[in-house]
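Each of the next two complexes has subunit A plus one more chain, namely subunit B in the first and subunit C in the second.
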Partner chain A sequence: MTTTQSPPRVSGDGGSPRRGGRRDRMPGVGAGEKAVGLINGGFLLLWGLITALPLLWAILSSFKTNGEFRVDPLGLPSGVQVDNFSRAWSAANIGQYFLNSVIVVSISLTLTMLFGAMGAYVLARYDFPGNRFLYYLFVGGLVLPVFLALVPMFFVVRNLGSLPVVGQFLGLNSYLSLALVYVAFSMPFTVFFLTAFFRTLPTSVAEAGIMDGCSHFSLFWKVMLPMARPGMISLALFNFLGHWNQYVLPLVIMQDGDKRVLAQGLGTLAATTGFRADWTALFAGLVIALLPVLIVYIVFQKQVQAGLTAGVLK
Partner chain B sequence: MNMRHGRYLFILTFLLPPVGIYAIYMLSPYVQAIYISMTDWSGLTAAQTFIGFDNYVEMWNDDQLHKALWNNLILVLVVPVLTLLLGLFFASMLNVGGRSRGGAVTGVRGSSIYKVVYFFPQVLSVAIIGIVFKYVFAPENAGGILNRVLGAVGLDGLQRLWLAEPDYLIWIIVLVMTWSFVGFYVVLFSAAMQAIPRDIYEAALLDGSSRLTTFRKVTVPLVWDTVQVGWVYMAIQAMDGFATVHIMLGINGGVQGAGDVLGVAMYREAFAEADFGYAAAIGVLMLVLTMVAAILFMRGLRRERVELA
Partner chain C sequence: MATVTFDKATRIYPGTDKPAVDALDLAIEDGEFLVLVGPSGCGKSTSLRMLAGLEEVDGGAIRIGDRDVTHMPPKDRDIAMVFQNYALYPHMTVADNMGFALKIAGVSKDEIRRRVGDAAKLLDLTEYLDRKPKALSGGQRQRVAMGRAIVREPQVFLMDEPLSNLDAKLRVSTRTQIASLQRRLGITTVYVTHDQVEAMTMGDRVAVLNAGLLQQVDSPLGLYDKPSNVFVAGFIGSPAMNIATFDVKDGRATLGNADVAIPASIAAKVAEEGSDTVVLGFRPESLTPASSEETGGIPVLVDVVEELGSDAYVYGRPAGPAAEEQADRLRSDQIIARVEPRNAPQKGEKINFTVRQGSEHFFSVKTGERLEP
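Here is the complex of A and B:
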């Protein structure tokens, strides 16, 4: 074979003779092309700045004094005002909201993954009358806008609160209620995604388990669920972000001030910040809310991007 | 087979929790919504009278609702178009925008860092985004950095009380939503572009096709399936806008209600005006609009594809 067959990627040293001769006619290397490349790079950088700067500004603002914030919002903070964070945490109640979010999301994420996996597993690997119906019942939920459900959902939760015995855990302003609402609204995508995932797992392993005398239950817990770990992880990340960032559902369920979750509490705080003239505490609260998400994003960057975009493609 | 024993017990045990929670907290509200939308229920007392389509007639005559509906149409038409164009542009820059010295088509340097930064708004709560941009567009003496920046670069003439101008409100919401969506689609389209064989680009290059032609004739047609799906998803997302408007402009949709959207109008009617029947009717309207938008968006691009093929 002649040298012209070599892939261009490795010809960075100038390319093969024939390639070199044609170079001027190739749009990839002309001087004008270089300018275009620079302009393109400029656009990319510009969008990077447009994305990053407002957030960096918010983080810097959380370190400033209120005086600095008002007089010189674009400047760098003179020092780190740790007090902003303690005011946000206690006076502005962000600490309580943070705790509420942690409690609700711990419950909702555990139950979503557990029940989602159970439902998806049965729908994926067991044939029974009504299987397809249930599957489409779940998947159909993907296209329903959350707003239509808000009003009746409020009453469903309120009415469950007046049930005997269990009612005290299930009414409005209850962690468990909000968590169960999150679970319900996460079911369509979770079941959809995990059903597809369980279908891809090899049957041979399951058969081996049956030969060893596994019951249906132990087959799921000891064999199938561990094998589904990669799918479970990306879905757990997806659901974590969705639950942690949820704004409209808690607005309906958690009407009592002390039960607000973070995103909702920040929204209320933002609405009153102007009157209290304490902007830096608001931004400190914002940074507190942002930290868990930032950590998850940095640690699981690839999985988060893959997991969230898979939501559209599947 | 010994597995037969207890099979249905197992299926039932495993299905009951997910199906039960889903039915109680998600499905039953949707079913009830349609009925509630035909009552005059205040939500405060148990009294509710069936009033047929009166709420729908009221919507027809409600000027504020028309404003909200109009704003939703702006969102659903403008945000996806902006997002799609910017998303495709940046994704193609990142993945096939670079040219190595030998003329090979590559991604630009640092493209993975760009993707990390671009994608970040996607993992943030809309509440945080709303708050940050509330202050970006705030007056200068309340931390408003946009006016500061304009002043700093000598464009004082462009300084405005952004959130006090009724005419600007919905366009500010358009910008904020686009800002928060673009990165997601850059990453989505990037994944599709990575799958395009490099030889195709090299062939196009040898044929002397320009960047723009390559983009139009090679890149776009080959990621079209992803674009189609993303486009419908964008329409559904753009229909929302609730959190952004609620946080940046408040429950009345800002000055003169000029930035109102249907989601906020619905929330206001239910939880501030105690008119749950009417709120539910707005919810039904939103469902219909979302479905129609999704179908139209699907149709819109499908036709285009035939043209390109």
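Here is the complex of A and C:
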């Protein structure tokens, strides 16, 4: 935001624009704009509160005893009840679910970014017959609602389990199956976004790589992919959140109690604690589920912004 | 080190009929600095990219030394290129940028470090080796791009307007640096520019292209003194040559009040063509203000005077009763003349210029080709 430049003012004494002295007003900011600014700020504040307060409430509640919670649900905790977390972790099996989520998401995220980047790169930078067709085939996946695909997907995944050799890794209740399903569902947006991103990278740098002796593969790995880092990171983040919070897909595929992922675990926890009225353990489980997302956001905040305003060296 | 030969090399972009480069015939000597120059869209960059292997060759052949590289992939051609926007790898340090080609080629780490170090010393980049390109100034980036080409010790350097992103002052100093570096390394260089001053100052020889066709290849002075057609005459030289179509009559070329004596041989050649007009060109420095009693000459009304200290240029338009006809036949909007810098005329003055004998350039009206007296 520049405040050092003022529009040339025409005044009686010759009209040279004055600098310094009092602080120059921002061009185009009058009383009306100020009011709009206040309303905007107020709206943002309100929105921030609506988002943040339930989160804070959940975190605070996870430190209370069940007694405290029942008496005064909105009050502050008297002490830190670490017991809630251990109950959620072990008794409600959140630990196992957490591990399951980590395994599935690390497979799915790696594969999504790998295949997404490779596909998008080829679609963005190589001209071949059928390029557009393939691109629209990918992007067409965006219009497919997950719920519509649930039943056929169930049968496909179940039948994959009876394939020879690879069947033992696939089928229902398999980490790899769930990860592959995640990959399939996140591919359309990944390809859509990364194709646009790879297009913005300067052709001359790719040509410089070719002149320097790169093969197609080394050009992709050593030159283009590192240059696409901002876009890759923001998209990986987006996919991470999507995969981590996925509920419907694991519900269909992970039916075995031991293989359930965190979102399912929380669902179960919510159902069972409802009867036992162990609310604080539920909140503790929620906080455990939330933490990785929160950490990822905090750590990669800069990259998210960089990805959105992705700039390459001119 | 090697020669470079374009042998009727042609490039037709898909979806167009007109070739971007039309049967280019050009032989570049070993160790020569050849500049390709022309207006934008003339095919100079395309020619360079054909040599680089970044553009397909639709007809003819390109050879480096004795090797036919027409359909060879760029990495097998043993060439290095400097791009207009430098095309540095933004995620690598300066040292990695310069050593990347060697790394790909599998050169040992010690050897890479030694060669990068040598090139950095040559280009005054030693203290920047650990920086990323975005932490460098435009001039430093340009030098890194040069260094990336130098460390490869290729047979041919290709440069695609490498100075156009620098400011005017830096461009002039870098220009001489590149030229002297090339002389020292002795590596055959093909250099593309749209700036004819760059072309004239840097090249051993200059090739002028227009609309995909090679117009003339010659030394800078050769182009200046004997342009082979009207296009080259108008393109080379700054300020540009004055060019107009004159009527030929009784051994004189006339255009309204302008009147220039021409050699008999030119008059004969014009007559031979079956024409009674000739394209006459004269450079700004060939015009001298005439004393009033002299007959003939070209009356000019002064519009603008550019005083540069060492030179002064008069920009004017034709004066006199037939001024309108003269302006129509003039190739540019104005007549430019160099005058004494300490004795420059005023705006609005009317001056009679005469063309110094023997410094006129004559071109055929029909073909645009040069007519030698």
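Just a few scattered comments:
Please note the rule applied: the second predicted complex is superposed on the first by the 247 of 314 C-alpha atoms of A that agree within 3 Å, B and C clash if a C-alpha of one lies under 4 Å from a C-alpha of the other, contacts with A are read in each partner's own complex, and residues count from 1 in each chain.
Keep this in mind: contacts are C-beta pairs under 8 Å (C-beta built on N, C-alpha and C of every residue); 3 or more make two chains touch, one makes a residue touch a chain.
Treat the numbers as computed from the prediction; the structure is a model and nothing was measured.
With both structures placed on the common chain, the touch criterion links A:290 to subunit B but leaves subunit C unconnected. Judged by the touch definition given at the top, the superposed model places A:147 against subunit B, while subunit C stays out of reach. In the superposition on chain A, A:233 makes contact with neither subunit B nor subunit C. Judged by the touch definition given at the top, the superposed model places A:176 against neither subunit B nor subunit C.
By the touch criterion stated above, A:55 is placed in contact with subunit B alone, subunit C being left untouched.
In the superposition on chain A, contact of A:218 is made with subunit C only, not with subunit B.
Legend: residue contacts after superposition of the two complexes on their common chain; A:103 is shown touching neither subunit B nor subunit C.
Using the contact criterion defined above for the overlaid structures, shared-chain residue A:210 touches subunit B and also reaches subunit C. When the two complexes are overlaid on their common chain A, residue A:196 makes contact with neither subunit B nor subunit C. Once the two structures are superposed, subunit B and subunit C can be ranked by residues of subunit A touched, with B on top. In the three-chain superposition model, subunit A touches both subunit B and subunit C at residues 210, 213, 312-313. By the touch criterion stated above, subunit B contacts subunit A in their complex at residues 2-3, 6-8, 10-11, 14-15, 17-19, 21-22, 24-30, 32-33, 36, 43, 86, 89-90, 93-94, 97-106, 108, 114-128, 130-136, 141-145, 148-149, 152, 179, 182-184, 187-188, 191, 198, 202, 205-206, 208-211, 226, 229-230, 233, 236, 239-240, 242-243, 246-247, 250, 262-263, 266-267, 270-271, 276, 279-280, 282-284, 286-287, 290-291, 294.
Touching subunit C in their complex are the following residues of subunit A: 202, 204-205, 207-214, 218, 222-223, 226-227, 229, 312-314. Against subunit A, in their complex, subunit C makes its touches with residues 52-54, 74-75, 79-81, 83-85, 87-91, 100-101, 104-105, 133-134, 148, 152.
Contact residues on subunit A toward subunit B in their complex (touch as defined above): 7-12, 14-15, 19, 23, 25-29, 33, 36-37, 40-41, 43-44, 47-48, 50-52, 54-55, 57-58, 61, 69-70, 73-74, 111, 114-116, 118-119, 121-122, 126, 128, 134, 137-138, 141, 143-145, 147-157, 160, 180-181, 183-185, 187-188, 191, 210, 213, 215-217, 220, 241, 244-248, 251-252, 262-264, 266-267, 270-271, 274, 279, 282, 286, 289-290, 293, 296-297, 301, 304-306, 308-309, 312-313.
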